[in-house]
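Here come two complexes built around subunit A, the first alongside subunit B, the second alongside subunit C.
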Partner chain A sequence: MSIIMKKSVPIALVFITAVIFLLEYFVLPTELKSTVTMLQNWGIILTAFTLGFGAVNMFVFHGKQVSRRAKGQWPYSLWLLIILVLFTLVGVIMGATSTQYSWLYNSSYFALSATVYSSLGFYMTSGIYRALRAKNAESALLLIVGVIVLARNAPALAAQFPILVNMDSWLSSVPTTSAQRGIMIGAALGAIALGLRTMIGRETGFLGQTTEGEKGG
Partner chain B sequence: MTAKPKTIWDKLEDIPREILYGLLLVCIIVPMLFPIGFPVPISAEVKRWYDTIEALPAGSVVMVDFGYSGGGEPELAPFAVATYAQLFRKADIKVVTMSTASEGPLLWEKAMTELNIARFGKEYGKDYIHIGYIAGTETAMAAVGKSISATTTTDYKGTPLSKYSIMQGVDSAEDFALLIEYTTGGDQSEGWVRQWYTSYKTPYLCCVLAMMVPTMLPYQKAGQIVSVVSGAQAGQIEILVKAPGRGVKSADVITVTHLLCIALVVVGNIAYFGKKFSGGKS
Partner chain C sequence: MLVAGRMFALGMLIAICVLIIVCMELAKKNLPTFRKIAGLDALPEMIGRAAEMGKPVHYTTGLGELNTNMASQLVAGLSVLSYVSEICAKLGVRVIYTVYQSQVMPIATELMKEAYTRAGKADEFDADDQVRYMSGEQFAYASAVQGVAERERPAANIMIGPFYAESMLFAETFYRIGSIQLAGTARGYQIPFFAVVCDYLLIAEEIYAAGAYVSKDAVLTGSIRGQDVGKFIALILMLVGVILTLAGSNALINVMKL
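Moving on to the complex of A and B:
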């Protein structure tokens, strides 16, 4: 594939699309509304397509694992494929909102997903016990703040000691929010820089693998 | 060479994780089986959430995003169910729901079953609707904000939206009096600020996982979100709505488990200093 098709055309498309979105947002909201709506719908369709594409990719990858009998892997790959086919068949034949599909989801994926997430509570308890130790000034500060937040989030303790609510409120409003704002502003500036670099072709990560010569810039 | 016997400080400083997990399990199971009935104080954020919905005038249309996955259901669903109860108790409020998470429609159905919607006398398609999962996260939010009909033509069951009376005169973000979000993802909770509040000034209520609250606080402080709450505060909204459910039940568990964590922190520090001052290394 020529460098024009591999690099120049995608960068031009990104540049034109970005300019349309920027103009619609800041300058011509009415005039460009229909164009942007169409582009956004394309985006939604492409995202939905990638979900299906992801499933096909997973099928191919795990299919290879099974056919090669990959050591320590293939039984899990086979199980994944069985579940993938089962969910797809039930979803396509019965419908994704059917009782059968809901039952399948609720009694397998939902239960497992909630269990895995809930199990974090056990690791966090162990982590709190081991990490919150006043070994130096910094860890003592973390310990004090951690205990205040823990106590405030226990409903009965917050009811019994209203000062905890005030302390937590100050911690949330002042140090947490100001630190978070700093992070957000930094990330936003980074995103603007990345966006501009992508628009003008200086950032080529989205093009996939390119040679050093093709990267240019 | 024999190993030095462990002192009491050594043992307390390094309690095996199996014991910690066992203690936590007891602290979860016992209050669930034998509710203690600890008080549940109402926080300012939850009160603001409740008051915002109460202040909605008749005829208002509310957009709800069921943007959480199965893992977040135990934390977020009780808050969502209580809020739906509050919305449905109010006269002439229409609720349009969409999902920015692929599991959203299934979890929404689950929440509706838990809510027992029949007791409110509300009708699907007339008083409430689910327009389905719309892929693309922020792209979906922006597209729906501009025009629902241009983004999707059917509800989550595949029935054309034109068949439902609720969608008459409802098409863009400007038609909504309030936006409510339940999510396990930062892209969604922050995306609504960028795509709806910034563009249309739609009042926004945001319910996220407890660990996500600090990341959302700057938006609340800046007035871009009316109220940020965590799903763990579900007991509070259930008390305000007078619809006790899973949230109130879990309040006891939250108190007892948090007390356990504080006790473990105290034990760990006593052991640390005990060992230090008795000549042992820490």
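Moving on to the complex of A and C:
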């Protein structure tokens, strides 16, 4: 692939698109609205199209696992392929809004998804258990703050010691908010720098590393 | 012409962009010095550990999508993926990149292929095995990544991008299997989770600087300097705002509302 098609054309496309979106946000919103909506729709169509890549990747990877009888993996791969085919067939034949498809989705994925989300509580507990140990000054501070916030959220303790409510309120509105805002300002500046690097084609996460010849000085 | 209430923001955006470009130009003459980012400096050591143990490295960019406001975090994650893939290729370590958004696959595949080529090991890259589409559904993706962790036991886990509720699921699972972990996100709610579990952490702006930092490219590192100068401007604005507010003036607030 020539350097023009591989680097120059994508950089030009990104630059033009970024300028249109910036203009739509800061200047003349009504005139550019339809252009931006059209670009967003293109994005949705492209995303839907790339699902095909994902499906092919899954069939190739898990198909290999099944055919090789990969230890500890192939039964899961086989089950995944069966479910993938089942969902696709029901979705295509009956329709993605059909009762059958909805039942399949709600009774399998929906329930499993809720289960995985619920398990988060256990992961958080074990993580917090390790974190709340006073090994040094910083972790001791974290322990103290953690205990205050936990105690404030226990209704019996908060009712018995009303000062906990004030302490929690101060912690949330002063140090936590200040730190969050500091992080937000830093992140916004970082995003601007990354956006600029991407627009001028120097960001390595977008088109890969530039060669010495492409750097141009 | 200009949207009311966004003029100050536009002015600041233009000023910061000019500042970053100036810093990038200045960097061509003198390579700027900037603070060390421990997490990124530790990457070769993490991959070296995987090489010694004969285990793979796991990489993921979380729920990053190219068509949402999380795209910048995804691109930041992909920058480091390219760097990690190159080191892995050099050391003969298999890197497994798990994908949430299918549209990222062609880009990631190309970046990794390019990294393997730079390392002189293009023939060792197996896209079907190393770039794995998991699912476009959050918890299906999370479960699939946990499955990879449990079955393949990677020696190192690198997570850079936008993460949501799955952050703790990943961090704890990989901790339990003994992986050394580097995590980075600009999502404020997930930073504490990563901070308490992972060995190395990139906080917000550090993930955006990561690509430039690891590239060692003078011009790119100039943009990090520009970022830092931008922070000083923000600090000055805050101080001026506090002083003016204490003096009973709303001048700066009114300017910002323009």
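Throughout what follows, the second predicted complex is superposed on the first by the 180 of 217 C-alpha atoms of A that agree within 3 Å, B and C clash if a C-alpha of one lies under 4 Å from a C-alpha of the other, contacts with A are read in each partner's own complex, and residues count from 1 in each chain.
Quick note on the criterion: a contact is a pair of C-beta atoms (placed from the backbone, for glycine too) under 8 Å apart; a residue touches a chain by one contact, two chains touch by 3 or more.
In this text, all values refer to a predicted model and were calculated from it rather than measured experimentally.
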Go through the superposed model and pick first if A:60 touches only subunit B, second if only subunit C, both, or neither.
second
On the A-aligned overlay, A:117 touches which partner chain: subunit B = first, subunit C = second, or both, or neither?
both
Partner chain in contact with A:75 - subunit B first, subunit C second, else both or neither
neither
Return first, second, both or neither, reflecting whether A:206 touches subunit B, subunit C, both chains, or no partner chain.
second
Please work out whether A:158 is in contact with subunit B alone, subunit C alone, both, or neither, and reply first, second, both or neither.
first
Once the structures are superposed on A, label A:109 by its partner contacts, choosing first (subunit B), second (subunit C), both or neither.
both
After lining up the shared chain so the two structures overlap, which partner does A:143 touch, if you call subunit B first and subunit C second: first, second, both or neither?
first
Which of the two partners, first being subunit B and second being subunit C, lies in contact with A:44: first, second, both, or neither?
both
First (subunit B), second (subunit C), both or neither: which does A:128 touch?
both
Take the contacts of subunit A with subunit B and those with subunit C, and give the residues found in both.
25, 40, 43-44, 47, 51, 109, 112-113, 116-117, 126, 128, 130, 180, 184
Where on subunit A is subunit C touching in the complex?
22, 25-29, 40, 43-44, 46-47, 50-55, 57-58, 60-61, 64, 72-73, 76, 109, 112-113, 116-117, 119-120, 123-124, 126-128, 130-131, 142, 180, 183-187, 189-198, 202-206, 208-210, 215, 217
In the complex of these two chains, what residues of subunit C are touching subunit A?
1-3, 6, 9-10, 13, 16-17, 20-21, 28, 65-67, 72, 74-83, 99, 101-103, 105-107, 110-111, 114-115, 118, 128-129, 131-133, 136-140, 142-143, 147, 151, 165, 168-169, 171-173, 186, 188, 191, 193, 196-197, 203-209, 211-212, 215, 217, 219-220, 223-224, 226-227, 230-231, 234
Taking the complex as given, what residues does subunit A use to touch subunit B?
25, 33, 36-37, 40-41, 43-44, 47-48, 51, 95-97, 101-102, 105-106, 109-110, 112-114, 116-118, 121-122, 125-126, 128-130, 132-135, 143, 146-147, 150-151, 153-160, 162, 165, 169, 172-173, 176-177, 180-181, 184
Can you tell me which positions in subunit B touch subunit A when the two form their complex?
15, 17, 20-21, 24, 38-41, 43-44, 69-74, 102-103, 105-107, 109-110, 134-137, 139-140, 142-143, 146-147, 150-151, 156-158, 199, 210, 213-215, 217-218, 221, 232, 235, 251, 254-255, 257-262, 264-265, 267-269, 272-273, 282
